[in-house]
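In order of appearance the chains are A, B and C, and numbering begins at 1 in each one.
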């Protein structure tokens, strides 16, 4: 399979020289995100995120299963991330690269292990029936910073998702269809947002939301996950250039600002989608009445 | 079945891409990469190796996807000029976005439509977008007659049958009728001189594909307008 | 008019073409075997139709789909018709499109082709490309010819012999390290082999602008566009040196880093939005203050 070609010496020197002068190739500030776009699908739980040219889709779905025997009161939440060749021909099916494993773990750590989703609320009958919520992440176009885009997509899809309502009468559990009863949203405890920084060389330049080209040239990277309350969910820094604590502190403060912005953006889009749905449903209802 | 919306050139890392929504509620993205480096065991000295990968929106690819992949390979192999790209690989990726999973149907209803037709139309658009050398353009339609469902793929110029996949109960006459209707849906209108006529009224899938390609070409060649 | 059509050569008499395809299959690829022709001449689409007159095609603006038949009024002429990218000749006289686009012709050269913008480059003899050295092996450099948008893994590997530089001997050959950018001419291209490159102008034996490109920046664009008019617009306000590779790579070196950055951004925007020269002129006016 074809490998990603490293940038030539000319490109490398020019990009680095410009970064030292505080300029990025696409005209962004060093601490600016690319334009973020978020769209929801017709169905509940489908989020389509575009971060510049990077595009990620997350789909959340739920089904009733038996809980794990050691955790009878908890539902199950899984995240699947697989880098397919659609994102870039460099990714091969069925063969995970190191970067892919790191990416999957990072998303897992950021969202699942930070208990963003209240798994206890997914329990239907203790030890017998619970909801299994799964988030499938599909990477469509790889132009750097897939972690942030994936994280935004999963978090947005989780908030957008509605599971069918259930009622319990004695031993029988009834799963009501979406039309029968208003589906219920998931109980989300907090909204973690990832924040990828790339560092470059000795006189460290810190970038936010690196493009693929910048990612190829970086000497180290750090990803911070936070929620809007400023609680740090995880920090990951796998090797690369050392960062001094003061710089790290400064980066965290910067990340906090961005996290608040992105959380607000997701909330805004969710509200818009909700309004659109209400408007359409009302329209349908009024039509039905007219027929009667 | 008709194409509700279709856009091309949406992914920057692929050579060609298309997102298609069909009237049966299926939305998917097709992308084409290639001709590119091929894995040594798949290298063919005189032609390109065609690889089709289908990914469902929930879960990992299983037998349903494998079946779809093999159907797409057999549809696309005669259409792509594989011999123009020896020792390379042409990869077609299909990512499903929304599609209603076939629900259990009663015996009296026809089998649910498959995503094959949407996947094929999207693949063709992505291949055209990637400028891969093709012998011809084809269009796929789902036709349901009584208890039978037929996916009919025809050449848009001659109406020649390229591929058909039928399911359910049907008589020979019903199949003939499906093929005839598929041909009508898939063909573009051509005048006697062999040139494609510009028709304003909405046509079938073939006409729809032509309209999308026309849009793409006009977008790509707009730089020439200034001359 | 851009020199977009592929190189072809005249064949006479017509008996030197024979085809192995079954004539009944309209869409079948004709395997043209050219007798007594040097193998180095074999490039993409050497389909020659003779007996055809300068063209006046009625449907020039119609968009052709792959497989669309192209109708031509056949008449006698001494100039053979040349078919360029996007067209296939099926003997005896069927021409079909194999990618989408509008039919374009050059009456003087009696050439016909379908221009299009692609992200992937197909090597053609005599094209000048901007490529990157991967490594040196034995007697040649192994070079990557990247296509279009940086940095897609769409690389074609080619060889650039150590001695394919003007006046190069084993001792005086230029030493290029991995990652260096080279402007080279494709001396051999064939779909069956990896292409070969050289940095010598065939006519003069001198460099003629070819060779290593030092400094500057490389920007990836789609292949198939004529960049001349756009670059001239930029040249009216900025001072820079430029090399355009047919593989969708443009090397730019401005008089300072700022100028390079400005030019690179304008080229990238122009490619992304497929701007016309007029639109580029407006953008140049609007942003020349940044210089």
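Assume contacts are C-beta pairs under 8 Å (C-beta built on N, C-alpha and C of every residue); 3 or more make two chains touch, one makes a residue touch a chain.
Since this is a predicted model, take the numbers as computed values, not measurements.
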item	value
Central chain of the complex, centres being mean CA coordinates	B
Label of the chain whose CA centroid is most distant from the centroid of chain A	C
Chain pair bearing the highest count of C-beta contacts	B-C
Approximate Å spacing (C-alpha centroids) for the pair chain A, chain B	31
Whole-Å gap between the CA centroids of chain B and chain C	30
Chain centre separation (chain A, chain C; CA means) in Å	41
Overlap residues in chain B, where contacts from two or more other chains coincide	12-14, 33-34, 36-37
Residues of chain C touching at least two other chains	152-155
For chain A, residues that touch 2 or more chains besides their own	2, 88-89
Complex contact set, residues of chain A against chain B	1-2, 41-43, 46, 48, 53, 55, 57, 59, 61, 80, 82, 84-89, 93, 134, 136, 138, 140-143
Residues of chain C defined as touching chain B within the complex	27-29, 58-59, 62-69, 71, 88, 96, 98-102, 115-120, 149, 152-155, 191-192, 225, 229, 274-279
Of chain A, residues touching chain C in the complex	2-15, 17-18, 21, 23, 25-27, 88-90, 212-213, 216
Contact footprint of chain A on chain C as seen in their complex	132, 144, 146, 150-155, 177, 179-181, 213-218, 251, 257, 260-261, 264-265, 268
Residue numbers on chain B that touch chain A, as the complex places them	11-14, 27, 29, 31, 33-34, 36-37, 39, 53, 55, 57-60, 91, 93, 95, 97-98
